[in-house]
Amino acid sequence: MGFFIETLIGGLMAGMLYSLVALGFVLIYKASGVFNFAQGAMLLFAALAMARFSAWIPEWLGIDSLWLANVIAFFIAGALMYLVAWLIERLVLRPLVNQEGATLLMATLGIAYVLEGLGTSIFGTAIYKIDVGMPKEPVLILEGIFEGGLLINKEDFVAALIAAVLVALLTLFFQKTVTGRALRAVADDHQAAQSIGIPLNHIWVIVWFVAGIVALVAGVIWGSKLGVQFSLATVALRGLPVVILGGLTSIPGAIIGGLIIGVGEKLSEVYLGPMIGGGIEIWFAYQLALVFLLFRPQGLFGEKIIDRV
Amino acid sequence: MKLRKLALAASAAAAICSSLLVAPAALAQAKEQFFPVLVYRTGAYSANGSQWANGYVDYLKLVNARGGINGVKIIFEECETAYATDRGVECYERLKGKNGGATLFQTLSTGATFALTEKAPVDKIPLITAGYGRSESQNGAVFTWNFPLLGTYWVGAEVAIQHIAKKLGGVANLKGKKIALVYHDSPYGKEPIPVLQELGKLHGFEVQLLPVAHPGVEQKATWLQIRQQKPDFVLLWGWGVMNSTALREAQATGYPRDKMMGIWWAGAEPDVKDVAEGAKGYSALTLQHGAEPNSKVVKDMLDLVYAKGQGTGPKDEVGQVLYMRGLISAMLGVEGVRKAQERYGKGKVMTGEQVRWGLENLNLDQKMLDSMGFAGVMRPVQTSCLDHMGSAWVRVHTWNGSKWEFTTPDWYQADEKLLRPMVMLASGKYAEEKKLKPRTPEECKL
Amino acid sequence: MSREIGEVILDLKNVSLAFGGVKALTDISFDVREHEIRAIIGPNGAGKSSMLNVINGVYRPQQGEIILRGKHFSKMNPYKAARAGISRTFQNIALFKGMNVIDNMMTGRNLKIRSNLIQQALWWGPARREELEHRAKVEEVIDFLEIQHIRKTPVGRLPYGLQKRVDLGRALAMEPSILLLDEPMAGMNVEEKQDMCRFVLDINDQFGTTIVLIEHDMAVVMDISDRVVVLDYGRKIGDGLPDEVRANPEVISAYLGASH
Amino acid sequence: MLYRENGQFKTSYAADQQIFPIAQDRWAILGILVFAFIGIPLLGDEYLMRAILIPFLILSLAALGVNILVGFCGQITLGAGAFMAVGAYAAYNFHIRIEGLPLLVSILLGGITSALVGIVFGIPSLRVRGLYLAVATLAAQFFTDWVFLRIPWFTNNASSGSVSVSNLQIMGWEIITPFDKYMFCLVWLTVFALLAKNMTRSAIGRQWMAIRDMDVAAEVIGIRPLFAKLSAFAVSSFFVGTAGALWGFIHLSSWEPAAFSVDRSFQLLFMVIIGGLGSIMGSFFGAAFIVTLPIALNQFLPAIGGLFGVTISTAGVSHAELIIFGSLIIFFLIKEPHGIARLWSTGKEKLRLWPFPH
């Protein structure tokens, strides 16, 4: 029982991070109808920037405080993500406006290549670390209740907390600010949004920037757990089943989908994996999502698609 | 206007095509020994691949700085494979005929080695796979062109169990123990499995197999299982980011690092540097050498190459574990050429076929090693027709939180009695499948 | 073929259709006789298109049944409908944009193709022969609709009026016994409307095809149709000969009320 | 002026339905074929064949398959690599388990197995569409990756998980040299390209395109989506599967599942989109572009750097390669979203009018 709960918690923690990646997909899809395959590359790029600047800044400025260096690096990385968003809007989205989904999808794959190439040529290809002072050692709790106690990873808890705060902030942003409401208007109806005077191009920059910030936060958490290196870009592939499960257009879907996928894949790996050879979690997540799809083609929270003739 | 653009594009395309055609064709008979270098400086494994490549290339530069191989200068060209088998094959094809023909290939990838094992005999180019590749290729009678010099994964697996037995105070204590293998889910990671299972049957310990999918950043479930099953030891057969991830997860699940041991590809600085204190106590097998910043060859390197600003990588990485691995790999190739020159003419450029003979008759004794600056780095190597490995010495080093150090003076040697029959069996099966006739002792002498 | 209105071949009984909570059709019954031109009219949102979609199975009504040549269908689907000889055109042209005119019309011959995939891949025997036969048939339709000059043009590049004609052509290529036309003249200028009227009448006259037609233009409807059904808010408010319908006070009020 | 169809009147529908109705096109294609079958073997060297032409031929075949599904039937797939893997491993198993089975039969059986698996994974396409389907096909990708890594039976219990084939021959013709391999792939591709063209210009092809362009309307004229979609999945998987078998047997001769990873799937999708969706010709253009671009960049970047006195390291080149590759893709999509095939046909139209553009 104790082990089951540990696995469950492990799954929830992993799921929280998948949610963050999925959130990036959903934000961009809602506002610009683009299925952004470059989300993983953005995450890598942001994390690389954060990792490198937090190492460079103390050298350049001669400051000792790790905390300060991290904060400055975070803002520089954030600014870079704004630049990235702006460039993407200028150079890719604007010329491709009104193209088909497949074309846009390809374009984001192109963006992914460019970002990966740029990121590794500017920042290097080694494994870098982001040290934001996350506690690394695990703690045992509830030893009285479960045999051997429950092993809890403080780092995971902090990460989940940050993710939750980010989601809350985003929700506030969308509900309470003028820009947020404009973003929602765009999501609902492009033409309507334009007709009430919201400049669409500006909105796209903001959305991609917000997705960039989400990528940055996810990158910082992930990077601090695993080190920042090239394969961070592949976490995008792990976020995909989450969005098809949760629905491409739903923020709650991304979050709940992430948790379901996280828990599902950890439980399957731990309990089912040894029976059939192990290493099943990736495809299990996809199959799980696929099975859901067969019953609800639009995902858990997606809007129902009605064909009009 | 549009038409002109089209014509321009067409002629540009034509130019590209024709130069693709011409590039390999323009190979004049060179006076230089050509070393193609397959590297991966990008992709998921770049952190580790780059260091190896730097060492490899630097050594070739060093040989030139010392005057070449009996006066024959080395030229080399890198080709990026990104650790992908098909790109490795493409690089092989591209480079094998360049500059008078490739001397030999080192792939630094077990997958690519498998693919090239089929092609090398046709092209008559030797493959050196120092410390990796397919273990049964030790049998040179069947695998004429493969040279898994210094050690194979079977050697690694066998020594790992020896070391564990020693820690437990004797082979008898292995009985009833549980040893988990956390491995990269690829031909590389699967190589040790047969030996571990064989040994498990022999000594009565249980082997638990835990595959990790490429690139190896997702190990949460793996380590949950380890926490549940509580194996007595964990063997780590990882590469690149998989290693540091494993150590971080071990830390996060509280698995004692001093019960973890890695293969020599999981025992370098990039694997542990950022985990730092968290990896303290973790040990790894070495392919004889560890980090050797004080060896003579490294000093020579700094004096003759880096002092002139010709170094390939950052200076502070010279002498680190993977750098040394690359350097030694290059040295083995160079010595193969040198040996071949003894037979086919000093100061001449050797063909792949001649180098193969050189590699098969390699005899690096301690005196030679010392003279080349490898004193204390590695032990003598002697190859033969039946033994393309040359030596099977292994040491174990441990991470102390900031650097790798040898805590025990022990040198292990793999158990020939156990491995030899396995090598013969596996290579025999291969020969049968491919309808190859193993070389007879007489043919070996040619 | 002479045009003599025959027996009832299509009979809809008590059809009700709803999307979620929204009722599109409520308890509608009407019939179509062989060889006649039957019009469905009504203000916007009256449920006319839904009616056609029910007939050829694109929508599944919650209640009611469709009787086609004496066969009862509680659930029609588009494929069954097509097999039974029902073809249709669409209000917002549903041509296959990536194909040229000939290929679009050739798809209409799909049900008549007998050769299998492998024969087609080899372009051999029956496949090749069929391809030629159907091409000849399609050319007849092309001649009939006077669109020879645009044969090989991708339909996406055609002007609206011609697209409508190709849409009709594709439906005709099926050699249907019942043809459903969803606002065939919408958005056309007078000349184009006249052409289209001519085609509809000719189809009905020459091939004896039964036609069910949705149209906004009252003048056209009254001119060419044999009987008219009037829908309003998903209910049937009138049914009969054009003159009867024109005199029906409920119809008048619905029309005047809804469309100014 | 040479490219004119003046005076070429078609007197029968059969003549009009030829693959290349314009005489000049027929001559050009004949010329290309003659060059491919005779010229290249005489002129080309081993490197050209083994490193460029053989991969190009095999990947063209795979791209044709992907184009049938994505370009003609409109079902986006990100799992093409999986079907290459199924084809390769199935052919391998037939090859080694059935003594004396001819090579051609093994490869065809590989393709057929892949077609069957394709049908199974095509079933979701009946319910889900567009991007959801694209992601669903990734399930096939990861599942097959896993199956061939983890189930030893498929690799004939090879301890490394890597399989290899040797002694390939067809009726006494041993396929060893690059020339043999090139010819084998060329013949194969020529035959199957013709079959693909035939399918796309006959009823089945029109069914696929109808489903792609407007599935409701297609159903209304009597096309069953079930049959159209699944047949597209089957035919596409068959092509991709045989391409996988060729890739394993002829090109690599020893392979592991990583040879058919998700990167391969993306690569194939790139080929058809850059080459031209819904165009047989486009599949060839796309394959040629994607195969040669990285090699060309690799050869030229250092040379270009040399002109300006900069040495570009291998790492630098491969990073630049990523950036240039990505930018080119975006550039292409912006300039010609319909791919090289469209550029080609626009070029041809221009040529027909030249020198009098109006």
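We call the chains A, B, C and D, going by the order they appear; numbering starts again at 1 in every chain.
To be clear about the criterion, a contact is a pair of C-beta atoms (placed from the backbone, for glycine too) under 8 Å apart; a residue touches a chain by one contact, two chains touch by 3 or more.
Just so it is clear, the structure is predicted and the values come from calculations on it, not from any experiment.
Asks: Average the CA atoms of each chain to get its centre, and name the chain whose centre is farthest from that of chain C.
Replies: The most distant chain relative to chain C turns out to be B.
Asks: Please indicate the chain closest to the centre of the assembly, with centres calculated from CA atoms only.
Replies: D
Asks: Just give me the whole-number Å value for how far the CA centre of chain B lies from that of chain C.
Replies: Roughly 72 Å, centre to centre.
Asks: Report, in whole Å, the distance between the mean C-alpha point of chain B and the mean C-alpha point of chain D.
Replies: Taking the mean C-alpha position of each chain, the two centres sit 35 Å apart.
Asks: Express in whole angstrom the distance between the two chain centres, defined as the mean CA positions of chain C and chain D.
Replies: 41
Asks: From the C-alpha centre of chain A to that of chain D, how far is it in Å?
Replies: That gives a centre separation of 33 Å.
Asks: Where does chain C touch two or more other chains at once, residue-wise?
Replies: Correct list: 58, 90, 94.
Asks: Provide the list of chain B residues touching at least two other chains, using ranges where the numbers run on.
Replies: In chain B, 41-42, 46, 50, 185, 211, 213 touch at least two other chains.
Asks: So which stretches of chain D touch two or more other chains?
Replies: In chain D, the residues touching two or more other chains are 145-146, 149-150, 216, 315, 319, 321-322.
Asks: Spell out the part of chain C that touches chain D in their complex, as residue ranges.
Replies: Contacts found on chain C: 56, 58, 77-79, 81-83, 87-88, 90, 94-99, 103, 106-111, 113, 115, 117, 120-123, 127-128, 130-132, 135-136, 139, 170-171, 174.
Asks: Show me the residue ranges of chain B that touch chain D in the complex, using the header's touch definition.
Replies: 2-3, 6, 16-17, 19-21, 23-25, 39, 41-42, 46, 50, 53, 78-80, 82, 84-86, 89-90, 93-94, 96-97, 110-111, 114-115, 117-119, 122, 134, 185-187, 190-191, 193-194, 211, 213-214, 426, 433-435
Asks: Please output the residues of chain B touching chain A within their complex, sorted ascending.
Replies: Per the touch definition, chain B meets chain A at residues 41-44, 46-47, 50, 185, 209-213, 215-218, 220-222, 224-225, 227-228, 240-241, 244-245, 248, 251-254, 270, 273-274, 278.
Asks: Of all residues in chain D, which touch chain B in the complex?
Replies: Within the complex, chain D contacts chain B at residues 43-48, 50-52, 55, 145-146, 149-150, 159-162, 164, 166-167, 176, 251-256, 258-259, 261, 263, 292, 295-296, 298-300, 313-315, 317-319, 321-322, 343, 346-347, 350, 354.
Asks: Where on chain D is chain C touching in the complex?
Replies: Counting only chain D, the residues touching chain C are 13-14, 17, 195-196, 198-199, 202-207, 209-210, 212-214, 216-224, 231, 235, 278.
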